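Here the chain labels run A, B, C and D in written order, and each chain numbers its own residues starting at 1.
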Amino acid sequence: MSFFFEVLIGGLLSGVMYSLVALGFVLIYKASGVFNFAQGSLVFFAALTFVGLREHGFNSALALLATLGVMIVLGLLIERIVLRPLVNQPQITLFMATIGLSFVIEGFAQLLWGANVRGLELGIQDEPIEQITTYTGMNVSKFDLSAAGIAALLVTGLALFFSRTRIGRALRAVADDHQAALAVGIPLQQIWGIVWAVAGFVALVAGLLWGARNGVQFALTFVALKALPVLILGGFESIPGAIVGGLIVGASEKLAEVYLGPYVGGGIEGWFPYVLALVFLLFRPEGLFGEKHIDRV
Amino acid sequence: MATAARKSGDVVLKLENISLAFGGVKALSDISFDVREYEVRAIIGPNGAGKSSLLNVINGVYHPQQGTIMFRGKQRRDMDTHEAAAQGIARTFQNIALFRGMTVLDNIMTGRNLRMNATFIEQAIWVGRARREELENRRKVEEVIDFLEIQHIRKTPVGRLPYGLQKRVELARALAAEPSLLLLDEPMAGMNVEEKQDMCRFVLDVNEQYGTTIVLIEHDMGVVMDISDRVVVLDYGKKIGDGTPDNIRNNQTVIDAYLGVAH
Amino acid sequence: MKSVKSALLGLALLGVAASAHAQNEQFIPMNGYWVGPYAAGGSGIFGGFIDYINMINARDGGVGGVKLTYEKCETEYNNARGVECYEREKKKGPTGATVIHPLSTGITYSLIDKAAADKIPIISLGYGRTDASDGRVFPYVFPLITNYWSQNTAKIKFIGMREGGMDKLKGLTIVNIYHDSAYGKETIPILDAQAKKYGFTVKHIPVPHPGNEQGSQWLQVRQIKPDWVILRGWGVMNPTALKAAAKIGYPRDRIIGVWWSGAEEDTIPAGDAAKGYIAAGFNVAGANFPVIQDIKKYVYTKFKGEMEDQTRIGSIYYNRGVVHGIVTVEAIRKGQEKFGKKPLTGEQMRWGIENLQISEARLKELGATGFMQPLKVSCMDHEGGGAVKFLQWDGNKWNAITDWIQPDRELVRPMIEQSAAAYAKEKNLTPRDCTKEAPPA
Amino acid sequence: MLYREAGQFKASYATDQQIFPIRQDRIAVAALTALAFVIVPLVADQYWLSAILIPFLIFALAAVGLNILTGYAGQLSLGTAAFMAVGAFGAWNFVLRVPGMPLLVAFALGGICAALVGIVFGLPSLRIKGFYLAVATLAAQFFVVWALTKFNWFSNYSTSGVITTQRMEILGFAFDTPRAKYFLTLTVVVVLALAAKNMVRSSIGRAWMAIRDMDVAAEVIGIPMLRTKLLAFAISSFYAGVAGALYAYCYLGTVEPEGFNLDLSFKILFMIILGGVGSILGSFLGAGFIVLLPIFLNTVARPLENLLGLSLPPGLMSNLELIVFGGLIIFFLIVEPHGLARLWQITKEKLRLWPFPH
């Protein structure tokens, strides 16, 4: 039984890592209806820039600040150069544009920093916490717990940002109804720029944590694929959905792999979350926290 | 108009005690009314009275929680869109529901889809039945196009048409199905006087030439009183009046409701 | 007709036509990958390869007076693009492309038929089709030096050595953590055969691509408590595995990786978690070999090096690229012995590779003693070596901890021949009779 | 003045409903077909045939398939490569396991296997729309590749899971040269593309577009939602499946499940977005663009690199290629979101008037 809980807890903690990536998607989709496939590339770019700057003699704090600046500028640029000219185009066109964007970012990142694979030490060891192991026999990683803490901080921060700041409130208004927001004089493009910058920041946090976990390398872009089932489960527009969806995906895929996998030859983690999400959608097409849309005719 | 002189037949559609709610919001409560063959039946009422919902119940887009629908002798809990179409119910929508990516001709041709039985394989090879059906139905569609006088825009994508013409194309699509019961949801909304006159003429022509029963939602009282045989009045999802135009004109509840809403 | 065609081609090929080829050149396409998830491996290996070629040109004026030329083509590790690159490059140079290194198992598979038809030999160093080691069925494919099955038997030997004898393997449990793909699955049958032979238990645990999340797999390992773990990873899967092993407290010096799991790129991202980890290799790391020094001297001092980041010179991947260079150049030398000092054709090159012998003495001349193993290729045996060295990561670099360990040929060879025979039957090929092949000149 | 339909009066509905109603179009299509069947095989060398034209045709076919589903029926799918994989492995197994199986029948059966898988993964489309559906189709993408890798039966127990296609023979004629393979591919693609064109101008095509443009209205007209959507999934997957079989047999010769990855699905989606959503012609234009662009960039980049000397960092050109590729996609989307087919249509409309301004 303790093994079951170990798998469950490990899964939940992995799920937090998925949620971190999913958050970036949600922010942008909520504000501008763009399904931003380049989020994975942004994660990669952020982590690579951070370690690249450190290699060039920046200390961690400075590198963090500088990377944050770069991500914000990048976010603003994307909004200005790619998305603004495409405003009012069908969603699929915007989606395609973000795939094109991911190529540009990936090429640019490697052009700038080279194809080297790098390590990233955040000073938190990815090792079991001994006390927990001795008392319960379960392994819980310090790193995973810290990541969960950071995710919690981030979500709280975002919640405060949305509810307490003027920009945040404007943003919510935009998310609810573009036209109405425009009508009451909220500058849409400015808001979109801010959202992209915030998404850049979220990408940086995800990039640092994932980079510390797997190394800073091109494969960081693949974390986006882990975030997609989270999005279906949680709904594209819901921040709590991203968190809860992440937890569900993380826990269920681990449990499935450990308990179901052996019967079918294993390796089912790759598709299991998608099938789970699919089945879930059959019962609730708008996701966990998504809003139900009634077709009016 | 000599509506009284026109023959109105047996009851073809009968709604009894229909109630419909979305979540907690009641859209229709306990509505009963009937439609006779060959008549023009109008539904009126202020905005949000549940008129469109009623049409949606009739052709199966919405499924009422209570009540029964009798159509052509068959009683049922609710309608199914496909069945409704197969039974000869066609309709137009308040906010034009044309297929914007398609041409006028293709839009109207979809109205005849139920009458085309060739399998997709025959259609892919474009032989025999598929080809014959395309031609036969095209002929029918051209009749409708002639009837509604929209020959000149046949090959135009509907998205490029002005509002009035779009409404007409939507009517054409409904007519192409050769319906026995036609549901029109504000066919004249947003039109200028001239366009309205045209539309009135088309509706009456349909009714007279093809013997099509018509259920119509309209805001323009003049039009309603002019062309309909009987009128149902809804307010806040309830039926507050039912009768001939003259009856309705003198119905105090209706007058109150209208005046109350208007001001 | 001809002019229409050349006009069409000219339009696309732009400058290529303009650069006329001098006649005394031999062309080697460099179809690799410098972008994408595997760019670190691609850029390292082709970096070493190209540097070696340039060094030979600069130091010796080519091979036997024939200058070696090359052109890069980006395959993105993608089969379709790999085929396009091959088709594009195969006619270049006075004798066409003379040998091809696809550096991708998938692309290798896609090229086997085409290359045989075009008479261009394929060298797949440490990847590709294992059963192509049977040269009778695959005359144009050379999985030189070692293949996956050979290295796997060497790994079991190594475990036996560590346990104090092959008889001690009995009763052990070994977990095989593999990339869930064609590449990853390839060693399952040989491991099963060995488990039967030596009496150990083997459990196969797949990791779905890309492998950036392995919590559940390593929890399974924790539950199984194996004596050894064999890691058959690729790309990001490797550091993630090491991190996950650290997370469950599994000792890293009991994890043995394949050579695609044993480069700096696989350990550095894992940080401290990689310390003690062991991997098989067919070349070693280090820049102190004379051959590497020559590259620095003749190439880098003239600012012509391929590596932007010169610290990577002497890394596992870079040195593997140099091995690519050495076998290619030595095969050209061999071919020239028979066909004269002129640009070889693909067919002649094939003969050169098939009769390639690199002795210990020759390695010394090349400045590569201990850098790689001696090689003896033949019509029967397109592998030519088979041994691996085990390397251990000390937190900073890879150190060799064993000498060359030979594979279990009695086990591997019949499996190769069986698999090759099945392929020949499926494709309706008649295997060559090796006794009738021309002997080495 | 050259491209004019003035003076071409349609005396009957039959002539008006021809596949290409304008005479110049008919001539152009006939000329193009003749060019593809006669001139190209004479002129093109092996490189053009086997590295460009064959993959172009195969990808175009897959794009036509995806366009039926996404462009006409409006169901966004990110799993095209999976259906190609099913087609490739299906056809291979039919040839392997059924003695005397004719090649073309095997291709068709491979396509039908893909269609069946497509129906299964199309079922959720009844409840799920838009991006939710798109992400859901990823389930097909990952599941199919997993299943083909996992169950060795599909690759006849080859240790690596890679399959090598059998010798191709139709009625005793061996298709083993690039030219012969080109003919085979071209024939299959032309026939299926014409069939697709016929379908989209028939009632089934109108039903698809109706569902795409306004599903409620379509239902009210009596278009059966379930059948129409599933038929779109089935036919689309059939096309992808046949394309997959051709990809294995006529192009690569050897395939592995991982070759049919998400990247390939995206690539085909790119083709229809850039070529034109809801246009058969656009599928071909898009396929040509996506196949040729990287090759063009590469062929331009490499000599440039040699010209500039080796002082450039080695990855530079590869990375620049990637940036330019992505950049051009964004550029095209911004300039013409409706794709190359729309650009072509606009050109035609201009040509109709040319040389007069109005």
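To be clear about the criterion, a contact is a pair of C-beta atoms (placed from the backbone, for glycine too) under 8 Å apart; a residue touches a chain by one contact, two chains touch by 3 or more.
The structure displayed is predicted, hence computed values, not measured ones.
Chemist: Chain with the smallest distance from its CA centroid to the overall CA centroid?
Modeler: D
Chemist: Most remote chain relative to subunit A, going by C-alpha centroids?
Modeler: Greatest centre separation from subunit A goes to chain B.
Chemist: Report the inter-chain centroid distance for subunit B and subunit C in whole angstrom, where each centroid is the mean of the CA atoms.
Modeler: The mean C-alpha positions of subunit B and subunit C differ by 72 Å.
Chemist: Centre to centre, by mean C-alpha position, how many angstrom separate subunit A and subunit C?
Modeler: Taking the mean C-alpha position of each chain, the two centres sit 37 Å apart.
Chemist: Would you kindly tell me how far, in whole Å, the mean C-alpha position of subunit D lies from that of subunit A?
Modeler: Inter-chain centre distance comes to 32 Å.
Chemist: Do you know which subunit D residues sit against two or more other chains?
Modeler: Counting only residues that touch two or more other chains, subunit D contributes 146, 149-150, 216-217, 313, 315, 319, 321-322.
Chemist: Find every residue in subunit B that makes contact with two or more other chains and list them.
Modeler: Residues 61, 93, 97.
Chemist: Can you list the subunit A residues in contact with two or more other chains?
Modeler: Within subunit A, residues 106-107, 110, 114-115, 265, 267-268, 270-271, 297 contact more than one other chain.
Chemist: If you look only at subunit D, which of its residues touch subunit C in the complex?
Modeler: Touch residues, subunit D against subunit C: 42-48, 50-52, 55, 146, 149-150, 159-162, 164, 166-167, 251-259, 263, 292, 294-296, 298-300, 302-307, 310-311, 313-315, 317-319, 321-322.
Chemist: Once bound in the complex, which stretches of subunit C touch subunit A?
Modeler: 34-40, 42-43, 180, 204-210, 212-213, 215-217, 219-220, 222-223, 235-236, 239-240, 243, 246-249, 264-266, 268-273, 308-309, 312
Chemist: Quick check: in the complex, which residue numbers of subunit D touch subunit B?
Modeler: These residues of subunit D touch subunit B: 13-14, 16-17, 19, 195-196, 198-199, 202-207, 209-210, 212-214, 216-224, 231, 235, 278.
Chemist: Where on subunit A is subunit D touching in the complex?
Modeler: That would be residues 35, 82, 85-86, 89-93, 95-97, 99-108, 110-111, 114-115, 225, 228-229, 231-232, 236, 264-265, 267-268, 270-271, 274-275, 277-278, 281-282, 285, 287, 295, 297 of subunit A.
Chemist: Looking at the complex, which residues from subunit A come into contact with subunit C?
Modeler: Those in contact with subunit C are residues 3, 6-7, 10-11, 14, 17, 106-107, 110, 114-121, 125-128, 139, 141, 143-144, 210, 213-223, 226, 253-254, 257-258, 261, 265-271.
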